[in-house]
Amino acid sequence: MNKNKRKYISVIGGYPCSPEESLMAETVGRELAKQGAILICGGEGGVMEAACKGAQAEGGITIGILPGDSRRTANPYVMVPIVTGIGSARNIIVVKSAQAVIAIGGGYGTLSEISFALKNGIPVIGMNTWNFSRKGEPDNSLVLTDNPVDAVNLALELAEY
Amino acid sequence: MNKNKRKYISVIGGYPCSPEESLMAETVGRELAKQGAILICGGEGGVMEAACKGAQAEGGITIGILPGDSRRTANPYVMVPIVTGIGSARNIIVVKSAQAVIAIGGGYGTLSEISFALKNGIPVIGMNTWNFSRKGEPDNSLVLTDNPVDAVNLALELAEY
Amino acid sequence: MNKNKRKYISVIGGYPCSPEESLMAETVGRELAKQGAILICGGEGGVMEAACKGAQAEGGITIGILPGDSRRTANPYVMVPIVTGIGSARNIIVVKSAQAVIAIGGGYGTLSEISFALKNGIPVIGMNTWNFSRKGEPDNSLVLTDNPVDAVNLALELAEY
Amino acid sequence: MNKNKRKYISVIGGYPCSPEESLMAETVGRELAKQGAILICGGEGGVMEAACKGAQAEGGITIGILPGDSRRTANPYVMVPIVTGIGSARNIIVVKSAQAVIAIGGGYGTLSEISFALKNGIPVIGMNTWNFSRKGEPDNSLVLTDNPVDAVNLALELAEY
């Protein structure tokens, strides 16, 4: 694959997560690896682990940007643990390192990541996740889908430098 | 005032902001200072500047946690500029340093701060700001008000160690 | 005092520290407060606590930029705890927020802070602390003194915007 | 290679750097890749770029932990740019993500990284770089060598979890 066409996609979402979300995330990870994208995530469990598991099964590269001080906290499918030691401030790095973000489920941490992505003009594909309104006006910035393969295709299309 | 009763309240919100939001923020800042609270904010313009202006007028202490590398970027009503150089990751510090947060208007940066506060169990008083739903379920974590003095009283009541 | 003349000085150093260093730091804190400067530090024990204690005794403002997630870890003389949650990356904020730095004793954390200060062109007054050579050439960037009052006067003279 | 034996080594040093340092760094990068290690660095020019160039020539994985907000600032031999946006606070992540650090030349930024590594108990191999004394006592924590292949062998031997 042409190095210049390599894409960087982050997968964010709940930890823990539901079995349905886990399956979505694993399929997303698998498909990203099949298409040659590098998977970036927060390196922990739940959606992050499922996505890494899928990507690893297809020989993909998985990067886990960890909040704490030890690479031992990475899930077993992280190929390169990045040990930040900066706590949840690492959420911003997960987002900024991506050309597009796929959000699956998730809590307030995921909402913070979606916000940072939108603030930085990074496209977000949303699956079963948050929606929000500003002063009563719905915000329709998320690209919504329920299909993991569609999510990956959308992310790769929207991914720009 | 008893040192042990000193409260730390962050004011977050839009930059720029509407005249209505600016007035709200200034009144909030004034009232916080009157009640002896220390005002923490992101140190820039808009809602942050208006809040600092109000607090300074009442002799309050104002802390501005700046994203960039220079204290020159602080608004003129910041008494203590904290120069982080960590960009928007400083949003998390603005939130974590507070016992309660007052959100006035704001964009995606404000939404990220609200998310971080809720994730960390820090109460958020919302004025004319975001609302959000998770998987279709409305999230009612924000305490809503349109009255700046009420906002301050609520923040001080909810502020805990 | 003219607001525009307010100076921001960081005191860095060992935790724990020797009784001699503690005394130096307390005198430094006292003198900074007497001269109207705002004291910034890492908010923990040792040199940081002694400096805050001295400053508080003279009615000074003390800012503690904490590594962890709780303001409870601040020493009792910190007036405004800044809760960063970013671990030792907060060392950089301690340095960048100052117009001049006074280093008293200290270990590798202090050495990292001295390095960051010099990299950013912030003057460092050294008391009983590190010295270093690059490729065998001694680096004489630190201004050395054994006298705490001299240290404060030097810091205030060298402090620029 | 056994995944569990994969090692993470950071290369730090001057930007810009001398031709001699550039050659050292390139040989270090090459040798790290040959031995299956993943190369982590700050992602910029000078020593970082030379090390990545050497590693890429041998098909190694290169991670660049960037200070700014754009992956465009990565040198052309970085395979995975991590976009932190946290400025020089990213130095700490470069160090914490490694099991051992190789320092080649460098200025105050490199000295800060060496300090953080030693503070965190991460072994540092020094080539043509800083040395330092605490209160007049020389600190001999750095493992010194002039030979890039020796540097890599030492780093891999010392690399522990």
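In order of appearance the chains are A, B, C and D, and numbering begins at 1 in each one.
The rule is short, and it goes like this: a residue touches a chain if its C-beta (ideal position, glycine included) is under 8 Å from a C-beta of that chain, and two chains touch if they have at least 3 such contacts.
Please read these numbers as outputs of a predicted model, since none were measured by experiment.
Student: Which contact partners do chain C and chain D have in common?
Tutor: Neighbours common to chain C and chain D are A, B.
Student: From the centre of chain A, which other chain's Cα mean sits the farthest off?
Tutor: So the farthest one, by centre of C-alpha atoms, is C.
Student: At the interface of chain A with chain B, does the proportion of residue numbers present on both copies reach over half, so same, or stay under half, so different?
Tutor: same
Student: Where the CA atoms of chain B average out and where those of chain D average out, how many Å apart are those spots?
Tutor: 40
Student: Averaged over CA atoms, how far is the centre of chain B from the centre of chain C? Could you give it in whole Å?
Tutor: Their C-alpha centroids are separated by 27 Å.
Student: Give me the residues of chain D that touch two or more other chains.
Tutor: 69, 85-89, 92
Student: Going by the contact rule set out above, which residues of chain C touch chain B in the complex?
Tutor: Contacts found on chain C: 3, 6, 8, 38, 61, 63, 65, 69, 71-72, 79-86, 89, 92-93, 96-97, 120, 161.
Student: Considering the complex alone, what residue numbers of chain C touch chain A?
Tutor: 69, 85-89
Student: Provide the residue numbers of chain A that touch chain B in the complex, in ascending order.
Tutor: Contact set of chain A toward chain B: 86-89, 92, 105, 107-109, 111-112, 115-116, 118-119, 128-136.
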